[in-house]
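Take a look at this one; I'll ask things after.
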Amino acid sequence: MSAAEFAPDVAKLHERLDREAGEGGYTLNPDREFTLRLVEGLADNEKRYGYRMCPCRLAFGEKQKDLDLICPCDYRDADLEEYGACYCALYVNEDWIAGRKPHKSIPERRPEQFVINGYSAPAPRPATGQPDRSNAPLPYPVWRCKVCGYLCARDEPPGVCPVCKARKDRFERFM
Amino acid sequence: MSAAEFAPDVAKLHERLDREAGEGGYTLNPDREFTLRLVEGLADNEKRYGYRMCPCRLAFGEKQKDLDLICPCDYRDADLEEYGACYCALYVNEDWIAGRKPHKSIPERRPEQFVINGYSAPAPRPATGQPDRSNAPLPYPVWRCKVCGYLCARDEPPGVCPVCKARKDRFERFM
Amino acid sequence: MSAAEFAPDVAKLHERLDREAGEGGYTLNPDREFTLRLVEGLADNEKRYGYRMCPCRLAFGEKQKDLDLICPCDYRDADLEEYGACYCALYVNEDWIAGRKPHKSIPERRPEQFVINGYSAPAPRPATGQPDRSNAPLPYPVWRCKVCGYLCARDEPPGVCPVCKARKDRFERFM
């Protein structure tokens, strides 16, 4: 199937996701036909469910139960970190592109109970109106880009700083 | 008035604001002629005052007194949250575009004393060189994007994550 | 030397850096020929060393020793703040462009011991898995954009908010 055979709305969504990926320091799979097929799945899911459900997983069809799998999913960045690609290989990083990470199937990172029962948000933190400064530990470490000061909270720093595009090794632990 | 009747610098500023809005997860009003008229007001104000004063409010003409009303104003995001549009309806969100929020006039959120006397910055926090880790509560809650780890401090999470474009419901309270 | 004389990969890298700069609220030097020459230096360094070493400084040629000088360097933003331009004048701000900052040579901000021995990362913070909420002061103040809530940790707020493009005077101290 050539790129010309994809519907115009699929090509348009691909273009948008590609631009947004770049702006945020992410990269779509450079295999254009493979990627267009995934984007077609996203567009189909958007029509069917009303949200861009991951095209490589089974949907419950209820937004709240699928929330963590709306693309980009909650597991993308951890998979990019460990495998150089997300579960679908829609998003990849430069290690994967350069072949420094093998192009193999990615294990499911979603917790088993979510696969069975659907996503379930953690209990909301008490909305006291008083932002928390207790001594309770933070749920994630906070990383700081040494170039521009960007802050984010995740297990590992991002591959690329979304603001200044500095690489992961320019981040330091901040909190 | 057709778009062709707007001066080239107005069209250029419109294009820039449109691109910057998209990059940050915001959306300009899709009514192009209405929006160009507002952008024309911004361009006029920039020439007159030296800053892009909100075209829908009265200016003091002193930057310090008008600071909170330089576009985008300090009240845009709270208005987008509550009404789906900013005070001018220059910035709107998808609920407003889809008609899930009524297209009505937005009440003035700026505190009355600022309307009368001009903006007045809160007393600066003591610049001790020692960033604060006191037990004083934070002035705003900190929200975390569960997809990419982006952090921001505001009353509510943003409609769209500026980094990965995930929607508001993918944010969690972090601090 | 006209722009046409630069190799296509240099022109392409220039275009990319220019777009990324704008997205993050930064500005490349508008003197296109001067800037292309610097970008050519970056492209040469990337071929030679495997990373985009600053074209205006001497390289050790070992990534770890040069890490703080990979462009954009760790000193860019402080130099933009103080002088309106980075060490190379590849990145400049609007004060510099408007001539409100003199176009003069920028002193080396890199600590002398790094110039002699190469970059040396600070001792990593203990990776206890427990993000730090101790009462130890934060290493940098945290700034908040009053328009969009963006947070960053740096000595001074950025010149332009990377998310909503509000100017520096719209930031407040947050932590």
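Letters A, B and C name the chains as they come in the text, with residue numbers starting at 1 for each one.
By definition in this document, contacts are C-beta pairs under 8 Å (C-beta built on N, C-alpha and C of every residue); 3 or more make two chains touch, one makes a residue touch a chain.
Just so you know, these numbers come straight off a predicted model, no measurement behind them.
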Keeping to the contact definition above, tell me which chains border both chain A and chain C. B
Between copies chain A and chain B, are the contact residues mostly the same numbers or mostly different, with half as the line? different
Between chain A and chain B, what is the separation of their C-alpha centroids in Å? 26
Expected list for chain C, residues touching two or more other chains, is 23, 138-140, 142, 151
If we count contacts the way the header does, which residues on chain A are in touch with chain C in the complex? 23, 134-142, 144, 146-151, 163-167, 169-170, 172-175
Within their complex, chain A touches chain B through residues 20, 23-26, 67-68, 70, 72-74, 76-77, 121-122, 124-125, 127, 130-133, 138-140, 142-143, 151-154, 158, 162
